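In the two complexes that follow, chain A is the common piece, with chain B as its partner first and chain C second.
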Partner chain A sequence: MHADAFDRYHHGHSLLHHLDARIKVVVTVAFILSNVLLPDGAWAAFGLAFIFLLIANALSQLGFGFTLKRSFVALPFALAAVTAVFSIPGHALAEWHLGMITLIPTDAGLLRFVSILVRSWLSVQMAILLVSVTEFPDIIHALTHLYVPSIITTIIAFLYRYLFVLTDEVMRLMRARQARSAAAPGSRSGGNVWWQARVAGNMAGQLFLRSYERSDRIYNAMLSRGYKGQWMAMHVQRIQLRDWLVGVAAVCGLIVMQIVGRL
Partner chain B sequence: MHLSPLHMHIPDGFLSLAISIICWAFTIILDGVAISRTNKSLGERQVPLMGIMAAFIFAAQMINFPVAGGTSGHLLGGALAAITLGPWAAMLVMTSVIAVQGLLFQDGGLTVMGANILNMGLVTVVIGYGLYRSVLGRNQTMKLVIAGLAAWLSVMGGALLTSLELWLSGTAKLDIVIPAMLSVHALIGIGEALITVAALAFIFRTRPDLLGEESVSAKGGRGWALAGILVTLIVVLLSPLASVNPDGLNRVAMDLGFITTAQTATGPLAGYNLPFLGKTPLSRIAAGAIGVLVVLGLAFLAGRALRKKS
Partner chain C sequence: MELECDGDVVKVNDLHFSYPDGNEALRGVSFNLCAGDKVALVGPNGAGKSTLMLHLNGILTGRGEIEVGGMRLNPDNLPVIRAMVGLVFQNPDDQLFSPTVFEDVAFGPLHMGLSEDEVRARVDEALRMVHMTNYRDRLCHHLSVGEKKRISIATVLSMHPQILILDEPSAGLDPRARRKLINLLHEMPITMLVSTHDMALVKECFPRTIVMDEGKIVADGMTAQILSDAALLEAHGLERP
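The block that comes next holds the complex of A and B.
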């Protein structure tokens, strides 16, 4: 597997690609926070948030509907929010009897449910855009500058660096399991569930030991190359006037959104 | 490639701001203690180790085994990380794993990341290490049985907390979300328990030195056993209570001022109040949070006192 197997970064030379990573992280979090703060049913403000998102998409030069196509990852969780339709008191829209349970959907509940979905849908798109226009090491670097404790960012950097190596390791283990538990006509591969679980557990244990021993080798190799407990960055990040302008413009947009949402 | 084994990663927009902030507060406090502890006790050699172990947890979550009906068993890894790495290191490792899942793969939101870390990374570690710590010195069978139980309970604890957060945010109906989440995760937890036990048994066979009595007890004091048992008791007692008597829990939450916003909703725009500006008494929310913090603090102090005596 290649090092960039897990990357979500799409290479480009747009305004957003060259924007300072700190500004991008802050604006993304501010946008999501703004969505959370908007009242239920503030459709005009949600519309503005969507326009904000489209503008960001356009500025990224990745295509107008770039994030739209990838925006349904959070959908399974909507199932949990469906129950809001019945839990919030309001004007009853109907009454459904399901055996013992009586479900009464209300207008306030429906409003809340749809608002939650819209908020989540808008937010996840901005998060997708952030990792699409920013290389992940730059995000980690930005987090360090944004006062995330360095031990956490260092762990994240190692995690990112070695994830694909250990994924290769998992793939090898899974291939070996597959190769040795053949399925014959009339009998499926492997043993019963207990056998399967034990094999999976052994794989996890095996992977743990291989990772543990690998970390020793990695550390020694790093020491021999001059590691002093800090990661070095190739390109130094500097916030320039353009970055400030974009950041301030974005925050102003969010403030307008909040005002519209509360009118 | 889909990496999330559990439907426990809360996306942005599903939690209210107040609940997000409270969860962030717990996460920051616990991780802050974890950072100062690991800085004190671990050499710089340990940081690369923790990084690789975070990648290990991430990769291990891809291991699955088929269970009946097209479903499959997975590993979340909180309990396994806690037992093998010690509680503080495991907390930081799990925090990093969940942060990357949210940042890079959008598995879980950014503003609700505090809640996700708390549910899947911190509670799982407290239960996992705490229960395992309590049977230190017993024979290996006992240890493995308790490790399995701890793994199952850690998943249940995470699911319970997730449901409670969703309910307190006015996103889900308590008497539906609790039974649904708990019954699904009771099954998912069995997969977690089986893989954790088998993995530990494998490590016991091949590298027993990694799970030696001294190395495990050096990573966390005896207070952990107490904390683990305490959190376990809360999970065990609260789960049936919430399933059987949601009205009771509803009333408690209302008395604490958590869900007045949901109760006063009458029409568009009228129902939602900013927790810091609207009708919801902030003082009561804060009081609830402080109460929980005090209990945690007392448990921690009790744990230290016990450790000193021993």
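The block that comes next holds the complex of A and C.
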């Protein structure tokens, strides 16, 4: 397993790469909030949001279609909103009979569904861009200095640090199982589904126990270096005039979007 | 075989400890460490070496007396003692818990309440001591095992400890990384207690050796003398290098 299999950061020297992480986090969250607040069917505003995203892509020097290509991973989750098509009252568009069930898609429902799809698709792209131009430790610092409770930033930091270690642990467990998944001559390797499920269950249990014991050792390592229950952080970055200007420009763009969406 | 030493750095007297499952890990351990001592702690698996090390900065508390730098180890002076005893764990993935090298080396000094400038100076100094200055902004999980081990040592050096305690420092290292570690142990002018199974390392780096088995110290003396006692080594599952 390569250690950076989960790292989404793309090294670069663009304006966005060098922007203060706090500004980037705030603008991303504001962009997502703005999308959520736009009314259903505000197509002009959604169009502006898309242009905003394209400009951000261009500023990152990662290419116009950079986030587009990666955004489709989130679509299956947005499809959960498909029930909106049938549950929002409005003018019936059709009537489908599926055995005992009758489904009636409505125009208001369809509008809501497509709007949700567009909102999530735009929001996911901005989040993808944020993690592509900001190193993960910088995002954690930004959250710390934006007064996100330290318990939450600590959990995120640990999750990031040990995701790699745990994945390695899983790979080792799988390899050990594979190495001993032999078959006697003339017979099939492995047992029935029930038996395989039991093996997988045991592996999950093993992983939990190993992680649990590891957390104990990590806590000891923290204690022995003076940890008293409060995570300390240093100010590694200073916000400069340029950061403020980009932040203010972005927020102005979002305000315009909201006004256009409500016209 | 007791050496002449009044224990100005560490003094342990009649230490007993049992794990919650009833396993008696330490049965009356006593020894002294003096400034500048470089001591190897050897013995078979389960001898109580790691348990003993975890007692020296109060992670575990057993029955008996422990003094560090002339101070009795108790809850009141635990924070001061933790800064004096630099404990490096066996698995560097347990030791390096921060996302970046800088943050990990800064963790100890920050928790000692030092100013940001002082913390930065200490991080630079510690990384220089382990020859890893260029790794300051690297991500911990991108390092090799040998690099992680050296950064682990820097994470405690930045606290300016009086004694460095290492658990199996050469385990899992390739020959080159091991050689670099040995050179490092040689050049660091600090009191050391190092648990290891690597008898060649013991012979090369540590003038004094403590042998533990079944929760007790069975021998404490000059390394050359202990390594020449074939009967002693064999009785406690050790081999001559």
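The rule we apply is simple: the second predicted complex is superposed on the first by the 225 of 263 C-alpha atoms of A that agree within 3 Å, B and C clash if a C-alpha of one lies under 4 Å from a C-alpha of the other, contacts with A are read in each partner's own complex, and residues count from 1 in each chain.
Simple rule for what comes next: a residue touches a chain if its C-beta (ideal position, glycine included) is under 8 Å from a C-beta of that chain, and two chains touch if they have at least 3 such contacts.
Small disclaimer: the values here were computed from a predicted structure and weren't measured.
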First (chain B), second (chain C), both or neither touched by A:Ala157: both
Touched partner set for A:Ala42, first chain B, second chain C, both or neither: first
Partner chain in contact with A:Pro137 - chain B first, chain C second, else both or neither: second
First (chain B), second (chain C), both or neither touched by A:Pro185: neither
Chain B versus chain C as contact partner of A:Val193, first or second or both or neither: first
Touched partner set for A:Val165, first chain B, second chain C, both or neither: both
Partner chain in contact with A:Arg225 - chain B first, chain C second, else both or neither: second
If touched residues of chain A are counted for chain B and for chain C, the larger one: B
Chain B/chain C common contact set on chain A: 136, 157-158, 160-161, 165, 214, 218, 222
Residues of chain B touching chain A in the complex: 7, 9-17, 20, 31, 35, 38-39, 44-45, 47-56, 58-60, 62-68, 73, 75, 80, 84, 92-93, 95-97, 99-100, 102-107, 109-111, 166, 170-174, 176-177, 181, 191, 194-203, 206-207, 210, 262-263, 265-269, 271-272, 274
Residues of chain A touching chain C in the complex: 3-4, 135-137, 140, 157-158, 160-161, 164-165, 214, 217-218, 220-228, 232-235
Residues on chain A engaged by chain B in the complex (per definition of touch): 6, 8, 28-29, 32-33, 35-37, 39-42, 73-74, 76-77, 80-81, 83-84, 86-90, 107-108, 111-112, 116-124, 127-128, 131, 136, 139, 149, 151-152, 154-163, 165-167, 169-170, 173-174, 190, 193-194, 196-209, 211-212, 214-216, 218-219, 222, 229
Touching residues (chain side chain C, partner chain A) in the complex: 54, 57, 59, 79, 82-83, 85, 87, 89, 91, 93-95, 97-100, 103, 106-108, 110-112, 116, 119, 139-142, 155-156, 159
